[in-house]
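One chain, chain A, links the two complexes that follow: it is found with chain B in the first and with chain C in the second.
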Partner chain A sequence: MGQVLFNGIYTGVQYSLIALGLTLIFSLMNVLNFAHGQLYVLGGFVTYYVYGGMKLPFFVALLASALTLAAVGCLFQIFLFRRVMRRSVREESSMLLSAGTAMMIESLVLIFFGEKHRGVPAVVSGVYELGGVFIPRGRLLVIGLSFLFIVAFILFMRYTKPGRALRAMAQDPETASLMGVNTARYAILGWALAAMLAGMAGAILVPISGVNSGLGNWISIKTFIMIMTGGAGAISGAIAGGLALGMVESLGYHFFPGGETYLIIFIGLIAFLAVRPNGLMGKAV
Partner chain B sequence: MKRIFALLLVIMCVFSGVAAASAAEKVLKIGVLGVMSGPAASWGLVNRYCAEAAAEIINEKGGFEIGGEKYKIQIVAIDDRNDPKVAVSGAERLIYEEKIHYIIGPNIDPTSMAIVPVIEKGGAISIPYAFSKKLFTAPASNAILGMIASYQAGPVIYRYLMDNKGIKTIAFVARNDSESLNQRDEGVEAARKLELEILADKDTYEPGTTDFFPVMSGVVAKKPDLLVLAGAAPSDTPLLIKTARELGFRGILSTETAQDARVIAELAGDAADGFISVGGASTPEIRSAQMEEFMKRYEKVAGEWNDEAGTKVYALEIILNTLKQAGPEAIEDVSKFKAAMDTFSMPNPYLKDGRPLHYIGTPYFLQKRQISVPMVVSVYEGGDFKTLFVGSVE
Partner chain C sequence: MYLEARDLHVAYDCVMALRGVSVALDRGEIVTLIGANGAGKTSILRAITALKPLESGSILFDGEPIDRLSTVEIVARGIVMAPEGRHVFPLMTVKDNLMMGAFLRKDRAGIAESLDMVLALFPRLRERIAQTAGTMSGGEQQMLVIGRGLMAKPRLLLLDEPSLGVAPIFVQEIARAIVDINREEKVSIILVEQNSRMALKISHRAYVLVTGKIVLEGNSSAIRRDERVRHAYLGGNVE
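Now for the complex of A and B:
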């Protein structure tokens, strides 16, 4: 059971990091970003080329992934989402746009990076064995980095001026605008942060899981499960949803090895949302 | 006026020249239908790159001769996204719009089964890389298995490991899709017949999984001598191997599907040493000069070599050579192609030993509906596959 718990913590912490970006965009702009998984994949490929291909240090690659994805997030907001949301009053337009961008990124990644699953050398190697529990050092690094990024993100949102402005926008964009918040500029910052979080998650997981062009959709589906469980738009909800999914997944594979795990997760999610439609931390609209 | 007349004359000459060249140059279109996007993209893209690379080589030599006439080979590729509905529309497009009668692919049972009515009605032959016996057994008659099935390779590998490594226990882990589950069930059946003790045969993971610790923890804890990765995609295999080793697994790992050494090296590294899989004719010990030439062309077409291509190089080669034997009428009439299959044989151009390349499969499908791809059982060592032994389905 110790192994199951470790697996759950490892999976849960990385899921939480992935979910943060999606929930940020949803809270700021009410956009369900179907391309979130593809942004994760793109971040992974940047690290693959910088760390695996150019042989630069891993933390340089991590920084490159973060900056590249932040730039992609900015471009998405400036050239795509801002224009569409300004002209269309229908929420479906932004959803369709995000689905389109998901397909676009997936196709571009396939064209430029190829069809193969890619991996890089381990950043740290070796496995600890504690009381029958196997703990690879690489996974401890992922847990540590994910935790660090999550804490840094929370501190940024809580104690910095841009963070407070983003929170104000998430609560009520009109009031925030009346209070002097430049919502157009902060929307760009929000997209940059969200894409950067997805890219950093992709980057730190490449040495362990590798990356391929087709991973994005499954990552996005899992992320939607997390934020629906935790409460869409709530940062604490994304963290709780990620940890919950990681732990349930680990327990599920232990007790139901025959492939029922995700069937049970989806049935559980339906039942849970019937009782608590706003998730664990979400507020009623 | 004279200038205009001269110009018109030149234009007419140019167009008539092009038309004459077009009329002289016959084109034979071959379809490739398979998954070329999403997580399993490598399966279909390898089929496509193999066909395109082989076609380039043939076309550069002036084309392929059938019935005394040279044909340029044109590959028409369609992505079915592993979706049966898309596969059906893709097959219809190839057959009715492109007028193609020979299709390489699809890659999995659901898509391969879905197009059976289309190819039977449309008078086309398909070469799927899927293992369901229904595809190749009467009343089905237009599908030809393009590689070694897991239920053919599994017993051979298990027997070899029993005799040479003394394995007594076995466990299976499979992807949770119909193709892989079918392969697992066939493997379990084969292991049972060989009286191996089966320690695990229910553990599965979802397609798209990248963290295999949860699923592998339970299987590895049972400490089997042999852990079979049933139907493992090339993207899953190295991660499954690495995870098993990180969890302290000391036994042997194997799969019955083709894998790529570079992907394994990148993701699993030395942890994969000793891993056994079924490949094609691309290992240095057995490949011919023609295989070397093909590998170079494949690298040019696809950007880099993929060991999966060693099993998929045969489809276009055998289609064209069977057409050559059957005659030009078989290009439009697949019944003539099927009639020629019973007697067709040629030396395998991709192997040094030149063993026959022909149609087999009667013991499994009660008719010859399989290409005699050599069963090259390989072991991964130090970043590459080395031939363990070359078996045969016959």
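Now for the complex of A and C:
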């Protein structure tokens, strides 16, 4: 059981990290980003290329993933979402656009990195054993880094001026502009941060799980589950939803090794949303 | 004139909300815009702050045209609006809301000074400094919206119906604060109100709006005393 708990935490914190970016874009822009999983995959491939291919230190690769994805996020907003959302009168346009960008990134990744599942050497090796629970050091590193990024993100949003501006914009964009917040510029910052978070999550997982071009949609769907259970738009909801899904998944794989886990999760999700349509935390940042 | 809006035309889809409105304000004045619901008061303020583009007309502030500027640029010039309907940032604390008001300022000492001034003006906000803004009463939220506007160190403050949906005791407190802001902080103010009784009492000059046109302008005290005006435009509720 200790092992199930550890695996649950390990999966949960990385899921929380992935969900943060999605919820940020949702609360700032009212866009459900179908390409979130593809951004994660792209982050993974950058690290695969820099750390696995060029043999540079892992932390350099992590930085490269973060910066590359931040740039991709900026470009998304400047060249795609800003243009479409300025003209469109229907919410579906932004959804269609994000679904389209998902396909675009997936195809580009396929072209540049191929269809093979790619792995890289472990960053740290060795396993601790604690009362019968096996704790690989590599996984401990993932937990530590995810935790660090989540805390850094929360502190940024709470205690810095740009973080406050982003929260203000999520709560009331017009009033934020009356405070002098350049909402067009902050939308770009929001996209950069969200893509960067997804990319860093992808990067820290390559040494353990590897990465392949087809992973994106499955990650996106899992992330939707997290923010639906947690409450779309709330930072606390993304974290709660991520931890919950990680724990449930770990329990599921323990008791149903045959693969019924996600069937059960989806049925449970439907029942849960029937009772609490706004999720655990409701909509808020 | 400090602010001079000339011949403003504003439309929503095909409906004209303002049909040639001209409004002016001298430095240091409190000017009130009064009129029934839907007369176009908010539209004037939204036109000044560039939240609503003009069909035609021009706006000068401190001698310079501002009708081509963005909202952020207008705020940077010192025109700050406390919007209608108590738009606090509901999930932020009172303190964070106030700090958002000072978003464009870099002078730390000046910001701290403004914060002291706002908390002295509205002691209630000091008591609730760590409370989440969305959980406060209507009157408290209104004080917060005004205080947040002051944190920008405005040269011209636009107040859109600060008494709307606010308990009577708070209305007095807010009215007193508006006078204070004008006298002590030397802030020019445009006060939009349906509560013409309060507005005419504390303002220097007034404009009366009916369906997108100014039908009357003059000294507030004169308008307040004018029997005919009261009956024709203000529903007789002036005093």
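The rule we apply is simple: the second predicted complex is superposed on the first by the 282 of 285 C-alpha atoms of A that agree within 3 Å, B and C clash if a C-alpha of one lies under 4 Å from a C-alpha of the other, contacts with A are read in each partner's own complex, and residues count from 1 in each chain.
Going forward, contacts are C-beta pairs under 8 Å (C-beta built on N, C-alpha and C of every residue); 3 or more make two chains touch, one makes a residue touch a chain.
Owing to the predicted nature of the structure, the values given are computational and were not obtained by experimental measurement.
With chain A as the common reference, the superposed partners chain B and chain C fit together side by side.
The superposed model places chain B and chain C at 150 degrees from each other around the C-alpha centre of chain A, with the value given to the nearest 10. If you count the residues of chain A touched by chain B and by chain C, you find the higher number for B. Of the two partner chains, neither chain B nor chain C is touched by A:131. In the superposed model, A:10 lies in contact with chain B only, and not with chain C. Judged by the touch definition given at the top, the superposed model places A:118 against chain B, while chain C stays out of reach.
In the superposition on chain A, A:249 contacts chain B only, with no contact to chain C.
Once the two complexes are overlaid on the shared chain, A:168 sits against chain C while remaining clear of chain B.
In the superposition on chain A, contact is made by A:209 with chain B only, not with chain C. Of all C-alpha pairs linking chain B and chain C after the chain A fit, the shortest spans 36 Å.
In the superposition on chain A, none of the residues of chain A is touched both by chain B in one structure and by chain C in the other. Across the complex, chain B is touched by residues 3-4, 7-8, 10-11, 52, 106-107, 110, 114-122, 127, 129, 134, 136, 139, 205, 208-210, 212-215, 217-219, 249-250, 252-254, 257-259, 261-262 of chain A.
On chain B, the positions that touch chain A within their shared complex are 36-42, 45, 176, 200, 202-211, 213-215, 217-219, 221, 234-235, 238-239, 246-248, 260, 262-263, 266-269, 302-304, 306.
Those residues of chain A that touch chain C in the shared complex are 161, 164-165, 167-168, 171-172, 174-182, 284-285. By the touch rule above, chain C contacts chain A in their complex via residues 49, 51, 71-72, 75-76, 80-81, 83, 87, 89-92, 96, 99-101, 103-104, 148, 152.
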